[in-house]
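Both complexes below contain chain A, partnered by chain B and then by chain C.
So, the complex of A and B:
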């Protein structure tokens, strides 16, 4: 008997929500729009490899560019490891290099100063007496800071070898007659290299992270109308009529909460499907992902009913919902990933439910693991749901009293 | 008398935020919380957490760990093994990770190739400074190790003496290759609060003024407007009073952000006349948007939820949340269909040393056009609606 009553409350609630166009915008259009804009905005930060570098000899007086540039360009082109990460071209002047970056003809630039010929020799593998404190300038495009990072790595690769040679030669000075010539016979080389290794099976793309992140930004607003309808029912005396007909408080709340859960899950799933189709985002294996989405929506639903139970007016509910949403979004890492946050903020993110939701999501999106991988986030989220419903239960009785 | 009535209507609007704690939070606390948090995130300085695993200890591996632990650019966090380190990087508990492999010392002294893994998750969020610091310290240790090896083998110097001499050389030659980054496309500093403060100035003027539009819908719904019109007070008086109240609200919000930003966050806003012009035009446009929303929407709930959501979308497209320099041409063009992007262009340009109001003539002209056009639409629309 209880179940049909719950279904009746649910059907009634769904009918009411069907007419609510605001909910349609907030639950579906808003998250999709947020996710699309954020993904498109940050997509530009990832550059395709190999990046296009332009090298210029800062001390060159002719358009030919000087021996340093020619040497560096030739040695980088001949290095198979370098060829994988960058294509290198020369420019006559620094101004030309800047223009090519501005015109998107190059991704980043390297300006070699006078005396950087040693860099050539180092890149070519032969030690030499090189000048101290060589300053190389990397021209960074604001649109492609990652490309400047690659340019830095290229300079460090050549520069690092040069530096090692410098130190070896300086250390040998005084112990052998001609350190550079002596070393040449031994063909020394730097045996240590720093190699980028991905942390997971799939690198987390911005479109993937922000797809889920933005899907949960507006979640509280999407599920709030159902909790708020308790206030509306109280105002219109519908609540009193239902209670007088023997419908229990638990049944009314369960019906509204289940509709909120349903709408929330469909909203997140809509972003999932759209980002999958439009951006090719991989959110992880479906079964554990659905569990995580269910728990994520469950927190929002429990929070909305807890807020409804705590406030004294409907206006307070709107204000508190907005306040809680902004605080959680700011602290949990929805707009700024935890790694980019200051240390204290990073720890604070794990005091928010959305911080745990994002952690579970990152684990699923970057690995092929199952439910076991997100067990801790799930347990935390269930605990949060339990506490919030306890708060709601303690206060909802007052709100729903005839 | 009419002027007094307008001021009285405006005053009624200004009393509301003084009493409402949530509005006070949105006006006085949230902007600075965002400026502070995002400012710290975008700041070019500051150390970043770096995870490390040493699979096989040894003097050279220990030296590398020592160098990294003293490096001001990174803060080391040790992990037990590679899988734990990768999980930390994946979960973004650390910016990146360094794995010193087993046999590192033996390979280094024996001249065999050895690879140190630099573990990353998302390359766009790994600050170049972290990679550079790790590389610098790796090169430092390698230099000393190789120098010790060759000085011992070729120069017949005692290993401890060779090692000490090499370390001295490294110290004296540090900075043998120094990398200086320059901006390729703009002279505007985009790091830290220098960006987030202008972004939040523009965003919160619109957010709070447009957000207050829900009260306008309430006035209409309750029939307060019609009741006022039944007296000798005309619709123009109500509309101008409502507009004036929101205009002052926006200017107060802007003044708070500008003053606190300058004093607490040391933001250089630039020429006061230019800042005032931008703020004024933004506030007029935001007020017009609030009146248009109030005329178009049917319920306070709609206005309360949709107003801020629309402004957040405008803010994303307009560069209030991130620099438009990093987005593609298409998104940047779309952003400039909205006034927030032009306001950001103007306010950022004013921050450049030597800039004055003349430097932002083009954005000011566009903002003026937005303000005039939106006001021309808003006033008749709201007037018509309150008479219904």
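So, the complex of A and C:
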């Protein structure tokens, strides 16, 4: 079988990288050092936070979350005693509430009963059809027992009776003239039974978060400069020679990009294996994780070629690469997790590809979910890759002209 | 012999700047065509179009009737770029293999061609050494070998001797001559007039994107206004009487004293030296030195373009 030219370009690039020790440093030595240092440095790190509750309607299917959630959130926020011990926010779905707790954006969650609609009907209609038992679920994190206790206290206040009243009133508000009067005819038995469930199947350790986070940093610093070899080929006239042989520009770029992708993936995988074997970090199920790693490396590679295409000298490439890398790691949450950032910065992190990479990673590392769990981050990262390659394609022709 | 490489009225502009305007050249098998021109003359642009790297605005390049835009024609052309277009981390043989693969060569055939190419440039004993460890001259020779690995019919060399010592330079020029003798059509671009004059069968001088003159060395020299001249030096440096006597000779066009030397321009190189010596003897001027200087390409170039070649 005749190997396509792109494979020869890849083989040549890989051999050159092996000979100049780039492969060894980027794919193995660097990741091992990073993995070891970050795991040791961040192993015992915890961040103290105020109690932040998140309320979600268990039957909600839309971002609006239903009238019950909005009403309960407003009711709890308006309570002056509540304001002293916790902040309350709403979440669209139970999955989002869990994710926010895992991302450290919230400390505990209260899931309103899926039968909130039934309560409404019962209260407004026949009491005989009212549910006899109401189950309110408290989402808690093992790391935050105080927050879980606050959430349980809120639900069980007044024997649970008051909380259910709040739910019903909130639900009826806008549908009947006097929700409180309607409520007087509604008395379900055992209004609250508490079910504590961990917010996730797995807790996210700081060492795990920073393991992946630092792998991205390493990637940005090591893989992003790799497109510089295009400039080197241009300087040495090897590019000119290849073009005279009828080798397409796309073939040359594809060969170099695929090698960068390969080295980048080995680099992140090396951090993964090291943190897993030596420090017991769990990064999530392998299949979706590999997809996320591939997309993460893909962003670094595309960024590399976009920068190479935009600059006019090799020195400019060094400068711009360093600048972009620093901005991304600072804004994206590689050093400071988004949950620990001020809200504005948290929003800004979503304008960076690494912010989405970290978000996808947190989802994977704390659950056993599949690809569906990180679909949004994957789509965003693919879009970023597409845009960066469009920029590169528009300008690489100039770089690769004789 | 009919030309294997034909470039016909090549035109290339960059926005409003005209880089090359209607340049044509033909090179036959076994012929070495020298391309001369100062920096910015359009030499590199012309070579880029000839090698298919750059698409001309108009005009065409064919190798044996096949357009250079076709892979079949590209496969019959070998380019030796001005810079060392090699991968320093690879060995000489690995460089040849890589570029050979890019030319579609495979397996034992490629291995044989690579070793042959190394032998041609005298690097057979260095096949497995890393290119980074080579001297400048060795790199230059390997740079040429890479262009030979697929046995091209047309070889384009862009300043192949730039920055090498005289020994390596002579070796390279000998190799280029051998390639032409073996039947290759060679386009040889250089700044060095002496090597072009020594090596090339025909020459084209480019300036301002246009071909100023083309022909064999003797044809071009014949077109020149520059004349052959004698340079006489006398012990007492009193040339006035001698000048008067020399001007009586029909072949003498002009005399002048430059830095204690008497320059005697003659109409052609057939002037009898003994007649000059006889005149000097009659004038009673004892000569210490006599030198005959033919006009060079440098003179012609200066005459045609109004600038020195390395400007």
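Going forward, the second predicted complex is superposed on the first by the 234 of 402 C-alpha atoms of A that agree within 3 Å, B and C clash if a C-alpha of one lies under 4 Å from a C-alpha of the other, contacts with A are read in each partner's own complex, and residues count from 1 in each chain.
Rule of thumb we're sticking to: contacts are C-beta pairs under 8 Å (C-beta built on N, C-alpha and C of every residue); 3 or more make two chains touch, one makes a residue touch a chain.
Remember, predicted model here, so these are calculated numbers, not experimental data.
Peer 1: First (chain B), second (chain C), both or neither: which does A:5 touch?
Peer 2: In the superposition, A:5 contacts chain C only.
Peer 1: Go through the superposed model and pick first if A:101 touches only chain B, second if only chain C, both, or neither.
Peer 2: first
Peer 1: I'd like to know which partner A:242 touches here: chain B for first, chain C for second, both or neither.
Peer 2: A:242: touches chain C, not chain B.
Peer 1: Look at A:19 in the shared chain and tell me whether it touches chain B only, chain C only, both, or neither; answer first, second, both or neither.
Peer 2: second
Peer 1: If you stack the two complexes on chain A, which partner ends up touching A:382: first (chain B), second (chain C), both, or neither?
Peer 2: A:382 contacts neither chain B nor chain C.
Peer 1: Quick one: name whichever of chain B and chain C touches more residues of chain A.
Peer 2: So, of the two partners, B touches more residues of chain A.
Peer 1: Considering only the defined contacts, which chain B positions touch chain A in the complex?
Peer 2: Going by the criterion above, the answer is residues 20-23, 25-26, 30, 33-34, 37-38, 40-41, 46, 49, 75, 86-87, 89-95, 97, 99, 107-108, 111-126, 128, 131-132, 134-136, 138-139, 141-144, 146-148, 150-151, 154-157, 162, 165-166, 169-170, 173, 175-186, 190, 299, 301-302, 304-306, 308-309, 312-313, 316-317, 321-323, 325-328, 331.
Peer 1: Going by the contact rule set out above, which residues of chain A touch chain C in the complex?
Peer 2: 2-3, 5, 8, 12, 15-16, 19-20, 235-238, 240-247, 401-402
Peer 1: Along chain C, where are the residues that touch chain A in the complex?
Peer 2: My answer: residues 44, 48, 51-54, 71, 74-75, 77, 79, 81-87, 89-90, 94, 98-99, 101-103, 106, 130, 146-147.
Peer 1: Give every residue of chain A touching chain B within the complex, in rising order.
Peer 2: Its residues touching chain B are 21-22, 25-26, 30, 33-34, 37-38, 40-46, 98, 101-102, 108-109, 119, 130, 132-143, 145-146, 148-149, 152-153, 155-156, 159-160, 162-164, 166-168, 170-172, 175-176, 182-183, 186, 188-200, 203-206, 209, 218, 221, 225, 316, 318-320, 322-323, 326, 330, 335-343, 345-346, 359, 362-363, 366-367.
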